[in-house]
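Per-chain residue numbering starts at 1, and chain names A, B, C, D and E are given in the order in which the chains are listed.
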Amino acid sequence: MDALLGQVHALVAWAFSLANDYDVPSLIEAGVFFLFAGLALLFACGVIFFRNVVHSALSLTATFICVACLYLSIGADFMGAVQILVYGGAVAVLIVMAIMLTRRDNMAHSNPSRGLFRHAAAAVLTGLFLSGMAAVAILSPFKSAPQSLGDAAPGLADLMLSHYVLPFEVAAVLLLIAMIGAIVLAKGAEER
Amino acid sequence: MMSFMELFQLATHVGLHHFLLFSAILFAVGLFGLLTKKGLIPLLMCVELMLNAVNINLVAFNHYMPVYDYSGQLMAIFSVAVAASEIAVGVALAFRIYRDHGTVNVDDLDEMKG
Amino acid sequence: MEFPLLSTILIAPLVAAFALCFVPKDDREMIRRVAASATIFMLCLTVYAFFNFDTLEGGVQFAEKIPWVADLGVCYSVGVDGISMPLLLLVGVIGISAVYTSWNTEKRPKEFFILLLLLIAGVTGTFIARDLFLFLLSYELFVIPVFIMVLVWGSTKRLPKEFVAMKFIVFLLMGSAFMLVGVVLLYVNAYPAGERTFDFDALRLAGEMGRFSDSFQISTFPLLLLGFGSLLSMFPFHSWSPDGHAAAPTAVSMIHAGILKKLGAYGLIRVGVLLLPVGAKYWSPLIVTTAVMGVLYAAYIVMAQKDLKYIIGYSSVSHMGYILLGIMTLNATSVSGAVANMVAHGMMTALFFSQIGYIYERTHLRSIPELRGLAHYMPHLTIGFMLAGMTSLGLPGLIEFLPEFTIFVGTFGVYPVQALIAIFVIVFTALYVLRLLATLLFGPKDEKYAEIPDEQGASMVPLIVLGVFIVGFGLFPSLLMNVIDCGIEPLAPVFEQIANAPTMMGGVR
Amino acid sequence: MDFWAISIEIAITVLMLLTLLVDLLLPKDSDRRAVAFITVIGLVSVFVFSLGQYHLSPSETFYMGLFIADNYSLFFKQLFILGMIFVVLFSLEYAHKFIRYRGEFYSILLSSLLGMCVMASANDFITLFVGLELMTISFYILVGFRMDKAASGEAAVKYLLVGSGSTAVMLYGISLIYGATGSLDFLTICRNIHLFYAAGLAGVVLIMAGFFFKLSAIPFHMWAPDVYQGAPTPVTALLAMSSKAAGLAVFMRVLYVAFPILGTYWMTLLAAASALSMIGGNLMAMKQKDVKRMLAYSSIAQAGYMMAAMASADYAGIKAVMFYATLYLFANVGAFAVLSVVEEERGGTTHAHITGLSEASPMLAAVMTISLVSMAGVPPTAGFAGKIYIFTAAVDYGYVWLAFVGFVMSMMSIYYYLLVVRAMYRDLEPQEEDSARPIVPNFSVRVTALLSAAATLVVGVWPDFLARATNFASQTFMR
Amino acid sequence: MFDFALYHAWLIPLLPALAFLVIGLGTRQDKKKSAIIGITAIGASFLLSLGVVGAVLTKRLVMAAPFVMKTVWAHIGGMDLGMGVLIDSLTAMMLVVVTTVALMVNIYSVGYMEHDPGMGRFFAFLSLFAASMLGLVISLNFLQMYIFWEGVGLCSYLLIGFYYYKISAREAAKKAFITTRIGDFGMLLGILLIQITFGTMDFIELKTLVPQYIWISGTSFLTVIGLLLFIGPIGKSGQFPLHVWLPDAMEGPTPVSALIHAATMVVAGVYLIGRAYFIFAELPIVMNVIAWLGGFTAFFAATIAVTQRPFKRILAYSTISQLGYMMLALGVGSLTASMFHLMTHAFFKALMFLCAGAVIEAMHEEADIFKMGGLRHRMPVTFKCMTIGVAAIAGLPPFAGFFSKDAILAAAAEVSFPLYLLASVTAFMTAFYMSRLLFVAFFGEVRDDCPAQETNAFMRWPLVVLAVLSVISGAWGHFAGFGDWVFYGVHEEEAINWAIAGSSIVLSLVAMWLAYQIYVEKRWSSFQIARRLGVLYDLSYHAYYIDEIYAFIRELAVDKLGRLALWIDTHVVDGVVHGLGRLAKGVGAVLALPQNGDVQRYVAIFYTGVVALVAYSLFYAVKILSVTGGAF
């Protein structure tokens, strides 16, 4: 009982203190973060739990966009743009196309899941992984010190074309090969 | 024990840990999907979720930690490229599977075992 | 530079094997002629080496040394001392006998002789190696030839030959796994990185400098023992051996019982006892006891066996027990006896198997109740069997008597009870050998063997070659013993050291 | 910027584009041997050219040390190139029979090679990641390249799914390392004390998990058997030798260059994974009936051996790994060359398919035997010397138990290798007479098979040359 | 001349050995040449032996001062193993006995074996036997003796099994070898102990070392050695528990029985003890054992011999009995008597066996004496010779046996009355059964179907020579002073003790009379007596069922145990091996169970591994944090 009273006290005191030092920008920041993060997680869950795979795909796109918004919120504007373009655009289209090409019948139950046991096991495993990662995040005494490195796009361009030009070129080859490979595989599938 | 207030304070001061936890959860959701979905395409979507989650990590570190260039974001960009390639190949393979098996459910893929 | 005698001996079968690759596979005559000439050449050289071995000078002779693998500290270092010289001779003798025993191989002769020559080369390399790496390299060379030979040319009796081939190899290699751990431990502990070497003498030197602590020796020796002991068919790690004999083609049985097992014993002396004397001493009561148990146990099993190859297989387990006994008693007398017995038993067993092979090849029988009264039609075969049998039961005047006697002399003073049992087994040996000979050779005539020719020409070669050595060394043992003696004599300090080391029973025996 | 440092990569890229181009130019119905020959000739010239890159002076780097062309990477690159040459050579007939898009096949082979080469030289996580993914994605495609076989597609899907999972984990690890140290550059990371953060520690293990996946170490091995079995045989060969070697090369660089201060931390893990892989891989291989699948399990064990040497974390260990990777390459080339011929002639790679091979083609049977024995580590093949190097390194560091497990398991492994030999050499049942029908492999297969067998034997009997080469490469690496 | 013989004494065994080689490798197929070579070699040895005797007599090489030549045979592990020649009076006596009998048997065999296709082989083996036996006789040390000891064993084996197509012969040969092997085992132990204790096996060196040893350490350990050494003679000389092979050994050709199993080889045991008497004589316990065992064997074998029917079997048991006598003599300390009896026995037993051979051949391989009868008419020479033999063994003066047996009885009486009594009873029984043999086979009516004819000259003359020797050797030995030469310790002048001699003569005569009454006059029916005796007769007739007991023991302790061991080996030892193999495979199969093709399971296992690694890293991180307190 006492503990409860204590909590109530604290709540009241907090309300007062809130009035005292009302840090608007920080709260807005928090609001934005929680809004988009929450939405992203919600949509992510939608990817998994929608019965209709098209809905899942749309949900995935929504997740991507929410994440892009988060990027924007911490100043990674270029990254946000890439996210929207590549994920929200290209990948989503690819996926929807794939769905259309591999499924021509009723979409109602087009996103089946494994059995109950598998869900339970997956939940345990996922939970363990999550708690591990959370523990890692919490146990690490990061000394965060946000700073501005200037505009992201020029900074990235600078890196990409000087420091990391080689990976950049290799990534080009990678995309080329992925394209060729995808064509070959898909073509092979067609020519039955 | 932490009081509500401190908790709230902690929650409202959005920082690195928020993003780390968020990305961990997103990753976990993707992982959960990867383990439970049947269709190949939903599985690919889940993979994308996981890769995306990691990107959030990278971008967040790049923003919050005392670093002097954008290499974290760059890494994320490369990861996007890789993810895109992966999904392209994955989709092509989905066609293969669909052709061979008439379905894209991976639980039918057990020709090889033991 | 001296003529590289030992290398020539080593290379001869390899060259022949290589040459055989280019002989058309239907030209049987050519194939066996090539194989035979290689082994004859080998025999001549080994005999030359044996009789030119300077027993007064002793030490390592005909040595050659070429740096080989620099960073492991490996040299191509060959040479023979008084211990390995007789065994090299044994290889030469059994090599030629094996080739001639297989003279009439009809099934895929080309591959057969290639593998046989490889096998011979491998065992040769082991005995002449003065470097542990080279030793190991040749030591396990037998694996593939033996496996394939059993598989293709073997015979199925109690167990399918495929199964036996597998058991044979896996068993031995499992043993050698332990041995390899031991060897690596030795190698690493002997010298600090950069100075390491596989050279036997250098390793011994390291031992003398005290690089191998007592506890290290005690823990490492069992590893080596497991490896070498299982090749030596030490009880209770012998079960690969009789089955292996039974399934293998004759030539392989000869080499297997005649040489391979000796390889185990040789390794045990060369690596186990000489490098880890204190460890050997510590375990010796246990090993001696199991050795004697093996002697008795295998002799008992022979009593119940009917299949000729199983009989000889188990009897060789029994005889190898004597050798192990001699080695692990760890004094100069017993070890010399063991080394001599290695030669003796090798020749004896090879002779036995070659005779069995002869009869099996022609009748496809080798079970005692099915074969009888062979003496009526095959006097030469009878002589072969009698000679082998009498050698086996330790008849004086034949090669095996004096080595056994020496082992007994060496052992009796140290382990009287064990020695007593071991000596008593000579009665059993007589019993089973005589039973075998009696049923196989003597008794009423059986017309079904009338058509089978007696040994003639090529098939007499094993009998003659082995017989000459069995009788010759039996009547003039000093030919053999002097060589062995000059190999054992320099080891006196080792035995001295051992004499004062504690055993697992505590104290000094 | 020094293009000399990336000349090999440039050459391979050019070659890759050339093959694409030639493929386009060739008439539609021509067989693509020309492409294969171009590939081989090109790779041989690259190989010869690369010999000239060994150096005693400090290593060349391409831009700010992010890409280093040291002797170590050079050695591995040559290894990959060599493996690729062999694979292309022995798969000529195989590709002709089973691969529909041969021109693209060779291009993608080359792109995977490019990925490996980039990995071997990578000195920061971005380059590493991109190279790794280039290789991996190429392999996803290659594994699915047999359009006529459903198993091939299935294998590709499995590889892709598990591989993506592993990519995600590895990326996660990289992100944590980045978070802890603020850098992706190995040379910067290695000096950063913040690696001891939980994030750093977790990052290391996550990265290791990614590499364990590549090396198919237990318990990250589950994909390997299915993928090896389903993939086209030449691709399986590459997976077993090159992909694994590339993983090793970069794994060692990451551990030794980026995380040396965590040595005691990851060594334990390596030793444990090594022991698990050696035991599990060998035991599971025992009951396999399909040779390719058996080789998959055996490759798990082989990875275990190599990790045992890595666990000792000094130049002797690196050298042992390099030595072993080389001889493993030779052994694999031999084995898979034979298997590809068998699959081509008899339509499969199970024990039933290789039965009677010793009569159908003694040469192939002998090569197979030698290769398998080398994998088991029995003299006089190279495997024996390799094992001695590996376990000497392990024992030297104090991992006696690891050496013990390794030797015992490697000798146990002879069992399943000999099962194959047994199938090839055993007497044929009357109804199997068909299996004795002669197989005459074509010239390139013969050359490849004999070369690999000869190399296995020569290295086994006279390991000095290879030992010197690996010493040279590894010592400059540790410098 | 004598010097030549002495210094070339090593030729004595070598010549027959060479003959063996020549016959074995060359002339085996040619009967005549083989015979000539064999006889020539043994004849030369005989001459040389005579020369040696001459040398011994002229140079007075008594046992205390022998002539020695030696060479190193092998040097091994710190032991010097010598080979050499030791010539003294004992050796000389043995040489002459052996060569004489061997020569006679060789000549006899020419006749006996003339129709046998294996005659060449036979002569080869005979030569080898002679070589081994002579080598044994001139042995300088225990090892050499053991070597030739085994050599004679081998020859015995070969010759017993000469008719290898006969299963009985084959089995008898085997039995002989194995039984003597058991004895050899003990002897080998003894020799080993001597080598270990004294560091030498040389008789001459031991002769000086043993007394010193006894002086220092007493006799207890030496007693063990002595007993072990004695096991060898028990086997070889057919003493009680190991006598079973000797009767069976009669499966061999009769000349072989004469040479080996009567005259020479079986006395090797006696000879060994005589040679090593300087050890045995110092060990009273061992001496007692020898004496009593000898006495018992003598009596025991005699009781069996009384009821046997086959000709050679009776002789065989009589041999055992006589060997027992010799042992008894040794045991009571009279080397002289023993050796004397050895010599005389060699002659008359060889004689009787050769007679037996003649009879059996004449009877077309019929051995049962009760199927013979009246042979004295058909084979007069043989009959006369046989009679001389029987008289000799019965101890009737002036035949050879009288002198030697008397000496033994006298020696026994001097030491122990019970032994004397035993010996006397045995003497009585000996006379009885030998006369029984003589009377049944040679007296009575000639049967209608009797094919017997007198034998040919080759077989006849050796009989005559041996008969002469059987007559004169005793008296000659006695009066020419055998005891002056062959003795141990201090030589005592011995005269015939007429009390003992007289009583033994009386006993013998009574026994012969009894036999005559039963078997010739048929005053008492032998069957009635047998029935009366009942169990005793059965026991005796079946040799106390010792063979059966041994067979039972062998079945139990060897064959059954062997089968048990085999079972253990295939099911337990091998079972463990196979089980381990299966276990490994099984574990592999279990480990591969998760590999069911389900890719999501693969992912799950992958992530399980990841989680485990993360857990490890967290554990490590917490440890670091706790160490550093979170400060970096």
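Heads up, the rule we're going with is that a contact is a pair of C-beta atoms (placed from the backbone, for glycine too) under 8 Å apart; a residue touches a chain by one contact, two chains touch by 3 or more.
If you're wondering where the values come from, they're calculated on a predicted model, not measured in any experiment.
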Third chains touching both chain B and chain A: D, E
Reaching chain C from chain A through chains that touch each other, fewest steps: 2
Per Cα centroids, the chain farthest from chain E: A
Chain ID, smallest distance between chain and overall C-alpha centroids: C
Between A-D and C-E, the pair joined by more C-beta contacts: C-E
Cα-centroid distance, chain C relative to chain D, in whole angstrom: 41
Intercentroid distance (Cα basis), chain C paired with chain B, Å: 65
Where chain B and chain D are represented by their mean Cα positions, the distance between them in whole Å: 28
Cα-centroid distance, chain A relative to chain E, in whole angstrom: 102
Sites on chain A at which at least two other chains make contact: 114, 118, 121-122, 125, 129, 132-133, 135-137, 139, 141-142, 163-164, 167, 171, 174, 177-178, 181-182, 184-185, 188-189
Numbers and ranges of chain B residues touching at least 2 other chains: 16, 20, 27, 30-31, 34-36, 44, 62, 65-67, 71, 74, 78, 82, 85-86, 89, 93-94, 96, 99, 106-107, 109, 111-114
Numbers and ranges of chain C residues touching at least 2 other chains: 170
All pairs of touching chains, each written as two labels joined by a dash: A-B, A-D, A-E, B-D, B-E, C-D, C-E, D-E
Residue ranges of chain E in contact with chain A within the complex: 600, 604, 607-608, 610-611, 614-615, 617-618, 621-622, 625, 630, 632
Touching residues on chain B, where the partner in the complex is chain E: 31, 34-36, 106-107, 109-114
Chain C contact footprint on chain E (complex, rising order): 72-79, 81, 143, 146-148, 150-151, 154, 157, 161, 164-165, 167, 169-171, 173-174, 177-178, 181-182, 184-185, 188-189, 192-193, 195-196, 558-559, 561-566, 569, 573-574, 577-578, 581
Chain D partner contacts - residues on chain C that touch it in the complex: 68-72, 111, 133, 136-141, 143-144, 147-148, 151-152, 162, 165-166, 169-170, 173-174, 176-178, 180-181, 184-185, 187-188, 193
Chain D-facing residues of chain A, complex: 132-133, 135-137, 139-142, 162-167, 170-171, 173-174, 176-178, 180-182, 184-185, 187-189, 191
